[in-house]
Amino acid sequence: MNKVTPTIDSMIEQIHDGASLIVGGFGLCGIPEKLILGLRESGVRDLTVISNNCGVDDWGLGLLLENKQITKMVASYVGENKRFEQQFLSGELEVELVPQGTLAERLRAGGAGIPAFYTATGVGTPIAEGKEERVFNGRTYIMEKSITADYALVKAWAADPIGNLVYRKTARNFNPLAAAAGRKTFAEVESLVHTGALDPDQIHTPSVFVQSIFVGAGYEKRIERRTVAR
Amino acid sequence: MNKVTPTIDSMIEQIHDGASLIVGGFGLCGIPEKLILGLRESGVRDLTVISNNCGVDDWGLGLLLENKQITKMVASYVGENKRFEQQFLSGELEVELVPQGTLAERLRAGGAGIPAFYTATGVGTPIAEGKEERVFNGRTYIMEKSITADYALVKAWAADPIGNLVYRKTARNFNPLAAAAGRKTFAEVESLVHTGALDPDQIHTPSVFVQSIFVGAGYEKRIERRTVAR
Amino acid sequence: MEGRERILSRALSEIQAGMYVNLGIGMPTLIADRIPSDFGVMLQSENGLLGIGPYPNENAIDPDLINAGKETVSEIPGAAYFDSAESFAMIRGGHIDLAILGGMEVSETGDLANWMIPGKMVKGMGGAMDLVQGAKRTVVIMDHVTKRGDPKIRKACTLPLTGKAVVDCLITDLAVFQLKDGQLQLTELQPGSTLQDVRKKTEADFTIAPALQEA
Amino acid sequence: MEGRERILSRALSEIQAGMYVNLGIGMPTLIADRIPSDFGVMLQSENGLLGIGPYPNENAIDPDLINAGKETVSEIPGAAYFDSAESFAMIRGGHIDLAILGGMEVSETGDLANWMIPGKMVKGMGGAMDLVQGAKRTVVIMDHVTKRGDPKIRKACTLPLTGKAVVDCLITDLAVFQLKDGQLQLTELQPGSTLQDVRKKTEADFTIAPALQEA
C-alpha cells in the first residue's frame, strides 16, 4: 500500500466547486499551507470550509477568502482577521460561529460515527438558539450535531507511505480530528519515513484515516505573534 | 508536584464499601493487577465495577468475583469466565452488558463532560430496550449516557512523577478512557522516569487526569491464550 | 473440516488489496493466515491494534500484545496502537471496509444473533454490535446447520439479536447469500452442494439469483 | 496601568500550588509570569498544550509551539501535547481547576459577555464558552468601567452572552465580587477604592459581604 502522490495536483483536481472541506490548524499553526495554495491556484469556488480560524489576510485560508472562493465558513474565532470580520459583518460570507470545544467535539463525533451529543457549552447564549435543550442530572445541556465533509485537508510532521501520521507540538490541534471526519483525507507532510519507521505506540493518526499523502518542501510556517522572553 | 505514593495502601484505603470503580484492561492485558490484589486483600465490598471484562476465575477482577466483593458489573464480554457466567445466569451478580464500542464511548464521554450521545450500535437488539430512539439523516440511533465513577484504576507502562502516563502496545485499551472518567484516578505503573523524560508529543494520558501513582514490581502479566506460530 | 475449508476459502475472496478488515473471534481469525502478504491488507483488532501480524514465535510472545480473542499475536510494519475509543471511532465511523464475523443465527432479513443463548450461555457481545453497524460491509460465516442438524438460517432469529438487517453477505459450508432489497438472496452454491440440499436445510425464505436459476 | 497591576496581583492569589489552570487571551496571560515556579502549577492552552513555559528566546522560537493567543511560547518539563478534542475533554470534563478570563460585561447574576459586539466587532468565542462551563472555577478579570467610563458590571448584559451564571469570581481594578446564591456579592475593595466609588461605577445590584459591612 502506497498512498504517496508525487504532486499535489492529484489531490487538488478532485476538489470540485461547492465541496465541503475540513481544514486542520489553529491560527497559522499546523495549517496545510501547500494544499491551501493549491486551492487558491485552482480557483475552485463556493467552498464550505470548516476550520477553527480563517488564517490571516494574506496567508492560510485568508488567501481563499481574499479570492472569494469561500461561501460559508464554520469557525470558532475570527480574531484579528480583518477581511473575515468585514465579510462576516457585511453578510457577504455566511459564517457559523461554533465554540472551539464544540467544534472539536463535532468533528470528533463525525469521525467516530456519533451523529449528535449533548454539551453544556453555549447554554443560555445565542449558540443555543434553535437547539434542543435537555436536562441530565439537574444540569441543562444542548444537542450538537456531528460534522463530516467531502474532504479533510491536514498537515502532519511525518508520515509513512501507508498513511500513518505524526504531528509536532501544538501543530497537532484540529488535524487528527479533521483526518477522521473527512470522507476523503489528504495529508501534506514535512517528511516521509519508511513503513515501520514510526513507533506503533506513538502514531497520532492511524493510516486508515488517510487516503492520500503529499510530501511538501520549504514550509513557510508563518508566525502570527512572535513573542520572545524579555 | 509529586503524585507518587510509596505503597499501594494509601490508594486502597480510600476505596470504601459501595464505591464505583472503572478498571482498565482488556482480558488480562493491561489490568492494574496490584490494585486488584490490594482490593482483594482489603475485603472492601459492594463494589460496582465498570470494566470490559471481569478477568478469569483466578486472576484479575475474577479474584474479586470469587470473593463476592462485586455487586454489579458493567462489561461487554463474559467470555470464558465460568464464575462470571454462573453468577450472571443465576442472578447473584447484577450485570449490565454493554457493547464494547458503546462502553468505550460512554467512558470517553464521561471523561469529556458529554452527558449523552447517540449511536447506531445496538439498535433493534435487547440493548436498545428502554432507550430513546432517534432518527438522524434517515438512520435510527439510540441514546447512550456517559459513565463516570468514584475511582478509576489504571495500569501504565511508564509515568513521570506529575502523572503523565504512557502505555505499551495493546495494554493501552481502556486505560486512558478510565483515567479521564474517574473522579479520582489511581495509576500503577511498571516504571517511573523523571519529569521531562517523556516526550511531550508522545504522552497518552496527560497528568491532569491522574491523582496518584504507584510503581509496582514483578508484574505477572498473565496470558489468557498463548498462541504461537506453527 | 472440509466444510470449514469451503467457508474460509470463499470468505477470503471477499478481501481485496488495500482493505482495512476486522476478523471476528473464532473461525474468522483463521482467514488471516490466508491473505496474500502483497495485498497490503491491514487487519484491525478492536482492543486497539491496526496491523495484526502472525502468531509470534515462542520467544517473541508479549503479554502486552494480544488480539480481540485474547490470543498473543505480533504487529506488522506500519502497525498502530490506540485506545478503545479510537478503535471504535474507526469502526463506528465507517472507516473499516469489511468485518467478517461468526454467527449463531441469521434471519431471512439479514438479522444476526451471535452473543447469547438465554439461560444457557452468555459470551457477551464484545465489539460485534459495533462492527455490524459500523463496518462498510459485514460478512457472516457459519455452518449452515447446528451440530444437531437444526437450521441456523431462520425466518426470524430465536436468539437475542446482535443487529437488525446488518448481514450484507452470509457464507456457509453449503451456500452464499447476499442481502438484496432487505431479503436474503442465494447467489452461489458451494462446491458439491445442491439447491435442493440448501432448501432442505434452510428455514428462511430466500430468493435465488438469476444466474443460479438458469443453472 | 496601576489598575491593571491591582487586578493581576489579586488574580494571582486565586492560584494555588498544584493547580491546573487556563489563562485566557489578553490580560489573563500576563499572570503566567507571576506564578512562583515552586507552585508546580500546570498552565493549559486550549490549542493543545498542558505545561506552557515562558516566552522563548529569539533563537528558540518555534512556529509549531504557540499558545491560544497565537503567541510563540515554550514548554516546561512534564508538558504534554494533545489534539483539540482531548484538550476540550479536559476542559468540559471538569479537569481544569481554574479558568481566568477577560470580560466585556458581567451581569449581577454572574452572566458573562466577552466575544462579540453586534454590528461592530466579532472576535468569536474561541474556547471561552467551553471554559466557563467546564472549569471547576471561573474567575473574570476586567476594568470596572469602559474607557468611556460606562459601567461594565450590569443588571443584565447588553452584549451576546458567553455563559449564564458562570462567573464564580469577578476581579476589577476597584473590587472583588463572588457569586453567592446566584447573585454578585462584593467581598473585597481593592486598595484605595471605596464602597461609594464601587456603588457609583456599578450598574448591577450586589450584596455586600458581612466583613465589608462592618468596616
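As written, the chains take the letters A, B, C and D, and residue 1 is the first residue of each chain.
Keep this in mind: a residue touches a chain if its C-beta (ideal position, glycine included) is under 8 Å from a C-beta of that chain, and two chains touch if they have at least 3 such contacts.
Bear in mind the structure is a predicted one, so any value in this text is a computation, not a measurement.
S.K.: Measuring between mean CA coordinates, which chain is farthest from chain C?
M.R.: D
S.K.: Does B-C or A-C have more contacting C-beta pairs?
M.R.: Looking at contacts between chains, B-C has the larger number.
S.K.: Between chain A and chain B, what's the gap in Å when you average each chain's C-alpha atoms?
M.R.: A distance of 32 Å separates the two centres.
S.K.: In angstrom, rounded to a whole number, how far apart do the mean CA points of chain B and chain C lie?
M.R.: Each chain reduced to its C-alpha mean, chain B and chain C end up 28 Å apart.
S.K.: Calculate how many whole Å lie between the centre of chain C and the centre of chain D, each centre taken as the average of the chain's C-alpha atoms.
M.R.: 54
S.K.: What's the distance between the Cα centroids of chain A and chain C, rounded to whole Å?
M.R.: Each chain's C-alpha centroid was found; their separation is 35 Å.
S.K.: Touching at least two other chains at once: which residues of chain C meet that condition?
M.R.: 75, 81-82, 85, 88, 91-92, 133-134
S.K.: Which positions in chain B are in touch with at least two other chains?
M.R.: In chain B, the residues touching two or more other chains are 105, 108, 112-114, 119-120, 167-169, 172, 200-201.
S.K.: Give the list of chain A residues in touch with chain B in this complex.
M.R.: Per the stated touch rule, the residues are 105, 109, 112-120, 134, 136-137, 139, 141, 145, 166-169, 172, 199-202.
S.K.: In the complex, go through chain C and note every residue touching chain A.
M.R.: Its residues touching chain A are 17-18, 20, 40, 42, 44, 50-51, 75, 77-82, 85-86, 88-96, 133-134.
S.K.: Could you list, by residue number, the parts of chain A that touch chain D in their complex?
M.R.: Spelled out, the residues of chain A in touch with chain D are 26-30, 52, 75-79, 85, 88-89, 97, 99-105, 107-108, 119-127, 157, 167-177, 204, 221-230.
S.K.: If we count contacts the way the header does, which residues on chain B are in touch with chain D in the complex?
M.R.: Within the complex, chain B touches chain D at residues 1, 108, 110-114, 160, 162, 164, 180, 195-196, 200-201, 203, 206-209.
S.K.: Which residues of chain D touch chain A once you look at their complex with the stated criterion?
M.R.: Per the touch definition, chain D meets chain A at residues 45-49, 54-58, 61-67, 69-73, 75, 81-85, 87-88, 91-92, 111, 119-130, 133-134, 160-165.
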